[in-house]
Structure formats: structure tokens, C-alpha cells
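Look at the two complexes coming up: subunit A is in both, with subunit B in one and subunit C in the other.
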Partner chain A sequence: MSMILGVPVAVLFGQLLLGIINGAFYALLSLGLAVIFGLLKIINFAHGAMYMLGAMVTVIMFDAMGINYWVALFLAPLVVGCFGVLLEYFLLRRIAGQDHIYSLLLTFGVALMIQGILTNIFGVSGMRYSMPDIFQGGFKLDFMFLPYYRAWVIFMALLVCFGTWFMIEKTKLGSYLRAGTEDAQLMQGFGINVPLLISLTYGFGVMIAAFAGVLAAPIYSVTPVMGSNILIVVFAVVVIGGMGSIAGAIITGLLMGVIEGFTKVFYPEFASAVIFLVMVVVLLIRPSGLFGKEA
Partner chain B sequence: MSQGADKEYEQLRVSGLHAFYGESHILHGIDMVVHRGELVTLLGRNGAGRSTTLKAIMNMVGRRTGSIMINGNETMTCQPHHIARLGVGYCPEHRGIFSALNVQENLTLPPVVRSGGMSLEEIYSMFPNLYERRFSQGTKLSGGEQQMLAMARILRTGANMLLLDEITEGLAPVIVEKLGEVLVKLKNKGLTIVLVEQNFHFAAPLADRHYVMEHGQIVEEISADELEAKQSVLDSYLGV
Partner chain C sequence: MTIMKKLLTTAIASAMMVGSAQADISDDTVKIGYLADMSGTYRDLAGPNGLKALEMAIADFGGKVNGAKIEVVSADDRNSPDAASSTVRRWLENENVDLVAGMVASSVTIAVTKLLEENDSLGIVSGSAASSITNEHCTPNHIHYVYDTYPLANGTAKAVVQEGGKEWFILTADYAFGHALEGDVTRVVEENGGKVIKTARHPFPTSDFSSYILQAQSSGADVVALANAGSDTTNAINTAGEFGLTQSGQTLAALLLFLTDVHALGVNAAQGIQLTTGWYWDMNEEARKWADRFMEETGVRPTMVHAGIYSSTMQYLNAVKATGSDDTQTVRKQMMDTPINDMFATNGRIREDGRMVHDMYLAQVKTPEESENEWDLYKIVRTIPGDEAYRPLSESKCSLVSKN
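After this line comes the complex of A and B, so read on.
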């Protein structure tokens, strides 16, 4: 078998693929965080919980009502998104404009409560969720085997990332979001219903997280703590990319997944730390992040 | 839509308006009336409360008491985004051009609130520079162009009462002259204009009436034909 740097090509590409998959989830989650931070100026610590809710709702809907994967792909984000809108309306709105630390603590508390309640009911052992039969098998490429479902995850993640980027950068609604990021008060003075825009934006960011959760359900272990595990990495990704940059969140997410994947090949013990090392280096050299605007 | 000044119709009536930022009490009982088609200025030194008066009308200050009637409707309980819908166009002192938006996006950002606003073509023919630079980032424009953009933006919405805050500040004389021409055109169209202005020589020939503010109160009301007689009073307030 051919080797690159003393590593079999199949292993290398296998890890690259895993890296891209992880990166796709990092990208989806940091994208939602960036969208929410942009308009609400809230560091949404409940984001991991929303991702977990997306996966849990998918599994629960299947077990309880037999609702299949394809329906869950739309329905679970919608359900969790509505929950997000209520959360914004009843809790976050009350502390709007206060110091970042309040919204951070509030969302963190909400995340812990959701996680705690679900742990009480379902325990922390993974719940089984099998992928639809259509995804059995994969592409046999010369250098590696690419399971259909992994290809689907990458495709859907890229589609959602591109769709979100397009919506924000190229459409009228997106111009409201971009302008609201700069001066929400003036926007409201022009007659735009900013409080509604804020609720919907939070709901949308949460929906992306829940969507990622649905995508994750068949391949990752679905547990009430799955969100808190990934959230810390995602925050590192957001810091590296630069808070509030949409394209930055997407590119950095994918890139960090790949870097993590390669580290697993060459120095596995370091794989779970490498992203944080990158974060430290970026913070030292470019404190506003790779894609952030210089303050 | 050319409608002459209707001196009977009260477009704006402010009574006993107090405004607060946190603990600071900024406006101390403002009373003023603006009729449809009038151009009224708020004159005074920096910190007299002129900009805050406009912001209070837009419901953009912390706390307000008193009454603000727009077209005969009490607006004290209105959310800020409902004020614009009553036909009010606000141009803030810092111009409020969005850097994340290009010129055209900036121009089309505010929703149309009434019929009868200017079309994009009309706006571009009034401000040819904006057409040439329509795909530039909003904040890459010169100060004068940004001011034109901030004005043009609210003309598109069909607002029939404009609240303009220090539109000539820091601009070259040739731009100030151009802005003066624009204001005359808007006045001839029948728009109601409340102008906060530092540059008295710019405001004097345009305005129907002047309110002079000091320490958050209106201390003098001077109509255009009284201007000469009251010049010395005015000078003492403005410190020129």
C-alpha cells in the first residue's frame, strides 16, 4: 500500500474525512453562534444544548411516534427553533443591552437545566438511532471508502453554510441583519421591527444548531451531554475565526476539523488539544481572530 | 405631490416633554409645534438638548414624560419602529451610514412608510455622486457624500416629516450649499422639516421659524420676519 510520510494513504484520507465531518459540525455550530452574536451581541452558551436537543428530539420523535429521519430533518430544527424564539422572548430580551456576562450566565444556566432534565429522564448512555437504509454502503474510491451518510453530511452542511452566507450577504433580509449588527436603534428608527428580527434571528441560529444535531444523530452517540462536549471546541473555533464573521466561522470550522483529523494521524495524543493551541497562537498574534475586523 | 404649506395642520406638537438618560435629566419641559410644510430649526449651543429633542421624538432616549403628538396621534406609548410608520424620517447626527452595506443597500434599507416617496431614479438624479458610487461600501464615501446618502435614504421612504440633526457639520462650503438647495426643493414639495443646526447662516434663509434652546428648555421662539429685530437676543444665546 502506498504511504505518505510513513502513513498509509487510506489511513490519512480516512482521518481527513473524519476531520472534514467534524469540521462540518464545527462550521454549522459556529455559524449559528456568529449569526446570534452579530445581531444580539449574546454569547449563546445554550448553543450546544440546542444541538443536543436537535439530536434528542429526532430520536424521541422516532421512538415515540415513528417519525422518520427525513421528516425529522425539517421538524426537529423547527421545534427547537420555536423553543429558541420563546427563550429569547421570555428570558434573553429582559437582559438585552446589559453586560455580556449576564447573557452568558443565563444561557449557560439554561443549557445546564436542559441537560440536567434530559439526563434525569434518559441517562447519559447513548441512545440508538439507525440511519435510513438508503445510506447503507458507500463510494469505493481508489484511496479510501466514503460512506454515503458521511458524504450526505458534508453535502448538507456545506449547503446550509452556503445558503446562510448567501442569505446574509446577498439578500434584503440579510442587509437588515448586517445593518442591525451595526446600529439596531437606528434601524428601528427607520420603521423596522427590530425586536421581532432579533427573536427570529435567535430562532434561526438555534435552528442551524438543531439541524446539525439531526445530522449527527445517526453517527454520533446521542446523549444529553453531547452538546457540552462539542461546545467548548466550537467556542475555540469562533475565537480563531473572529466573533461575528459569517464566512470566517464556516472556513475556520472546516479548517479546524481537518487540522484535528491530521493531528490524529501524526500525534494522536495531541489531537484534542491542537485546536486550543491554534486558538492561543491566534489570540497572541491576531486578537480579533483570523477573519475578525481589527478593533 | 406638491402641496403648499398648510399652516393650520399640526404635524407635530410636543408638550411638556422631559427626557432622561439614566439619572441625567436632559430635557426640562419642551413645548413646540410644527405645522405641515414648515421648516423649523432648533438652535442653541452644544449640549442644549437639541439632538435629544429629536431622539425623544423618535423614542430613542431612556425615559420620557409629557406628550408628543404626530399628525394628531399621541406617540408616547409607541414603539420606536411605529414612529417611522407615521411618516417620520430621521437623519442622525452621526449620519448612521452602515459600513457592512454598499451605497445602494444603504439607500434601500429603510422600508417605504408612505406612498409618494422619491424613486431611486429621482434620488440618483438629485445626487449623481451616489449613482456613480452605488456599489461602494457606504462608509468609503466622503463625508459630504455620506451626508447626501443619509438624506437620500429617508426621502425614498415617503416620510413627510424629516428630523435632520446637524446635517452640515464638518462639511465643505460647496457641499453645504448643495444641501441648502436640496432643502429648498424638499420644502417646495411640501415636506415638514425640523432642522437641528449649528450653522446659523445656513439655517436662517431657509427656515420659517426658529426655536432657541438652552439647558434643555426652549427659551425663545423667533419667526423668520422677526429675525432682524431679535438678532441681538439670538446672538446672546448662541454666543456668536
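After this line comes the complex of A and C, so read on.
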């Protein structure tokens, strides 16, 4: 078998594929962050908590009401999205126009509260959630065994990423959104309800995070702290991609998943740091990020 | 006359000793500081319920020892040696804490025990796993109570090698505890004719284990061993299941599993897994009785760490009562001289290196058919006598062990 740096090529193919799957989660989460920052200029530190809520709501709905995975895939993001809208309406709106640091602190505080309350109720050992039977088993590829569910994750994540990018960059609704955040007064003059638009945008960004949470529920331990573990990485991804760049967030998310995957083979101890190393290098060479517009 | 004189002086001397002994409980308070991960990865195995166990012990003891009141303070160490050190320094220097209890992440414990030594204070470690805590990191100021990585390796790894698992892949949490466990397992595997062909060290904590599981699969090892804990272990076990690791003929060995982990995995995912534990709530009548009381308080069944916190607190308070002192070395000596027979251990004893040696148990997770309720999880396969389970003093690198 041919080898690269002492690692069989087949193993590297496997890691590439896994990297893309993990990258799909990073892409989904950083996409929501990029939408919220790009359009509302809010640094949403509650994003990890929303991802966690998506997963927790899925498990709780199943345990309490027997609501299955397929329904949860739509219902859980909707529930969490509504929560996001309320959060925007009652809290975030009050600090609109202030320095970014206010939104950062506010959302961080909200995230800690949500996490603390749920930790008190559910503990941190993780809640059981089994995947639907249809996903049992997987593809036997030449170089690895790919569980059906992981393939499903890539498919759904890419679908949502592309759909979001298309909606914001290419449709009329998207152009309203972008215009509403550029010049709210003018848009209101045209009879468009800008505050509602902003609430819905925040809710939408949060929905994407919750959607990622539902996708994660069958494969990762569902715990109240699952969001805080991933949040910092996702922020690094957004910074590398360029704050607010939607396409940048998606591409960088996938790329970082792959880089992290390879690091796990060649130098596993460094896996949690490699993304931050990339971030430092990118910030030194291109301070506005790979896909950001030069200020 | 001389006899009378002798008797009299002895009587006066002992009266004075009793008198001074009572005054020996500093500021008339025995203050216990409970330090644990209260909100992170290791919360459920010790955490707030460990504090409950500690308070149960104090209540059962009567709330007072030799007339001095017993107080408890607690703090979240956030699995950070720095945060833990600053808390404990404050406890020892400003708040007159006499005993630090709990202690989970091994990295935290090693940092805290150094502080205890500097201040000549006492610590009883119930949650940590690293065997180095009573080996190269031993101090005359702490006791390691419940279990450590040495018996974990001796129990589980030995059993798996003897069943024919010769080539090992070890997946290790990249910090003090994981390193200690990896070292102890490697030794046991090699002593029993096996071989470790590859190790991979993952950052703590990690949520996605697919990459490591894939490496384990392509390594061709007979056994994939998990030298990690808490949600890292449950995540790895779930991912191994998803990627069909055991279907392709490899054996999965989890070296440290707590009752709360197995409960989270459920018997469907965890059935058949072998593990080593220091205590199980359903192992005898006394344990069951205590576990029932614990469940009334907390709503869950206790882990071995919860039981160990209760038992060790009782031992400590009994030693304070017997000696009439909360002086560190007086109490530690008394604890070392007293065999431990309670709901936690039979014939337990504390060695000069601070290791509490007691019987350990090789257990197997029940099948869904065998399990009668959500906490009916283990059957005990074998009792490993304490002296066989723990590192013999002859192999110790602890400076307190007298080499004859």
C-alpha cells in the first residue's frame, strides 16, 4: 500500500472524508454566526448554546412526547428559532447600535445562564438518543466504513449552507435584508418593517445553529456543555473566513474540518490548537480574513 | 511511694493531654473544603452530589466533633489547576480549612496536593485516577481513597489480554490522568505477553472521535483501549458503535467507566463491556442501604466516588474524635492506624504513601435482558484483593516509603 509520511493513503482518504463531515458542522455553525454578524453586527456568543438547545430539545421532545427524529429536524430549530426571536426582541434590541462588545457580553451571559440551568436539571453525563433505524449500518468503501448517518450529515449540511447563501445573496428577500441593515431608515421609508426583519434574521441564524444541534444529537453526547466546547473553534473559523462573509464561513468551515482531521493523524496532541494557529497566521497576513472585504 | 508518684504523674500527664487535645481543634471548628468539577465534564461522577455525600456524613456524625462544630465550604475547580490552586490557597491561608475533600481531575489534584504540603494541611482525594498521585507525586499531606489507574489496568487490561487480546491500540486523554493510565496499561499488557502497537493522544475534552476510531480500525489491533474518562469515553464508545468497530472483530476496552457514564450510554450500547470499579451500589446489603438513602437525597444512584467521599469523611471525623485534634499529621497517623470497614470497603487500610488499599471489582455491564431497572447495570465478575490490585510498595517511587 502506498504511504505518505508513514500513513497509508487509504487512511488519509478516510480522514479527508471525516474532516469534511466535521467541517460540515463548523460550516453550519459559522454560517449562522456570519449571517448574524454580517447583517446585524451582533457578536452572538449564545450561538453554541443555541446549537446545544437544538440537540437538547430534540432529545427532550423524544423522551417526553415521542416526537421522532424527522419531525424534530424541523420542529426543534423552529422552537429554538422562536426563542431566538424573543431574545432579540426583549434583550438584544435594547443595545442595538452600541459597541460590539455589549452584544458579545450580553449573549455570553445568556449562554452561561442557559447552560447553567440545564446543567442543574440534566447533569452533564449526556442524554441517550438513538438514531433512526434507517441509518443503521453504512457504506463499505475501499478505504473506510462510512456510516449512513455521516453521509446524511454532509448532504443536509451542504444543502442548508447552499440554500442560505443563495437566499441571502441571490433573492429579493436577501436584498431587502442586506439593504435593511445598510440603511434602516431608507428601507422603512419604502414601507418595510425593518425591526421585524432584524428579529427574523436573528431567529434564522439561531435556527441554523439549532439545526446543526439536531444533526449532532444521534452521534455526539448530548449535554448542556456541548455548545461551549465547539463555540470557540467556530469563532476562529469565522475570523479566518472573514467576519460576516457567508461564503467565506462555509468554505472555511469545511477547510478547517479537513485540516483538523489530518492533524489528528500526524500530530493528535495538536488537534485542538491547529485551527488557532491558522487563525493567527491569517490575521497576520490578511487581517480581514480569507474572504473578508478589505476595510 | 514511687509507684504512687508514677501513677499520679501519669494521671496528671494524661489529664493534661486530654485537656490540650481538646484545645487542639483549631478555632473550635473543623472546616472541610469540598473541591470538585461542579459544572463541567466530570460533574456527575462527583460534583454537587459529592457535596451531598459529604454533608450526609457530617449529619450522620452528629454535626459536631468533640464539641467543635463542623463547617463545609465548596468550590468549582472548573478542571483548572490554576483556578483550583487559588481557591485552595485562600482556604488554607485565610479561611482555616482543615481538610480538602473531593478533587477530581488528576491535574488539579497534583497542583492542590503541592499546596497542601506547603501549608502542612490535609487532603483526601476521592475522584482522581492517576496512580502517580501516591507514587512520584506523593506527599505526607494527602490520602488517595477510592481507586487509581494501577488497579484499573490490573483489572480490565489483564482480563482482556488473558482472553486473547494481544495487540493493543490505546486512545489516551492528553493530560496527567491519561498518561498515567496509558503507562499502567502498557505495563500490564506487556507483562501478560501482549504488545501496544500504537497510541493516539487526544485533546481533553474532545467531542468527535471518528478520526481516532478510524485510525484504531486501520491499525489492525485486537484491542482498542480507551484511556480517558467521562464524556470523552461515552463519545468514543458511541462512535465506535457507529463505525462498527466491534463487528469487525476488534475488542473495545474502556479502562475507566463510572456508573453515570454507563447510565448515560444505556445497557443497549454498553452491554458486555468489562470495567474495574472500587465499589458498586448493589454489591452488598450495606452498600445498597446507603445507596437507597443517597437516592432519596439526590434522585440518582451513587458512583464509587460519592460512596468514597462519604466513607472517607467518616474516617476523618472519627480520627479527629479519637485524637481530639485536627492537626494534620496527628489525624493522618490515626487514619493510617485504623482499618476501614464500612459501607465502602472491607479491610481497607491507608499505607504510608497515602494510598488507601482495598478490594477492587472486575464488573461487566448487564445485557438489556438482565437489567431490571435503569440503575441495575453491573454484575461483579471477580473480586480483586487489594494487595493484588494496587501497586506494591516495593515498586513505589514515593519518597515516604521506607526502603528496607
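Just so it is clear, the second predicted complex is superposed on the first by the 288 of 295 C-alpha atoms of A that agree within 3 Å, B and C clash if a C-alpha of one lies under 4 Å from a C-alpha of the other, contacts with A are read in each partner's own complex, and residues count from 1 in each chain.
Keep this in mind: contacts are C-beta pairs under 8 Å (C-beta built on N, C-alpha and C of every residue); 3 or more make two chains touch, one makes a residue touch a chain.
Just so we're clear, the structure is a prediction, and the values are computed from it rather than from any experiment.
A.B. asks: Contacts for A:S103 in the overlay, against subunit B (first) and subunit C (second): which applies, first, second, both or neither?
C.D. replies: neither
A.B. asks: Touch test for A:V11: subunit B only (first), subunit C only (second), both, or neither?
C.D. replies: Only subunit C; A:V11 stays clear of subunit B.
A.B. asks: State whether A:Y176 touches subunit B only (first), subunit C only (second), both chains, or neither.
C.D. replies: So A:Y176 only meets subunit B here.
A.B. asks: Between subunit B and subunit C, point out the one touching more subunit A residues.
C.D. replies: Between subunit B and subunit C, the winner on subunit A residue contacts is C.
A.B. asks: Considering only touches as defined above, state whether A:S199 meets subunit B (first), subunit C (second), both or neither.
C.D. replies: The answer is neither, since A:S199 touches no partner chain.
A.B. asks: Could you say whether A:L186 touches subunit B, subunit C, both of them, or neither, answering first, second, both or neither?
C.D. replies: Touch partner of A:L186: subunit B, not subunit C.
A.B. asks: Considering only the defined contacts, which subunit B positions touch subunit A in the complex?
C.D. replies: Residue positions touching the partner: 58, 60, 79-85, 90, 92, 96, 98-101, 105, 108-111, 113, 154, 157.
A.B. asks: Please give the residue numbers of subunit C that touch subunit A in the complex, ascending.
C.D. replies: Residues 39-41, 43-44, 174, 200-203, 205-208, 210-212, 214-215, 217-218, 230-231, 234-235, 238-239, 242-244, 248, 260-261, 263-266, 268-269.
A.B. asks: Please give the residue numbers of subunit A that touch subunit B in the complex, ascending.
C.D. replies: Residues 172, 175-176, 178-179, 181-183, 185-195.
A.B. asks: Using the touch definition from the top, list the residues of subunit A that touch subunit C in their complex.
C.D. replies: 8, 10-11, 14-15, 18-19, 21-22, 116, 119, 123-128, 130, 137-138, 144-145, 147, 149-150, 219-221, 223, 225-226, 229-230, 261, 264-265, 268-269, 271-273
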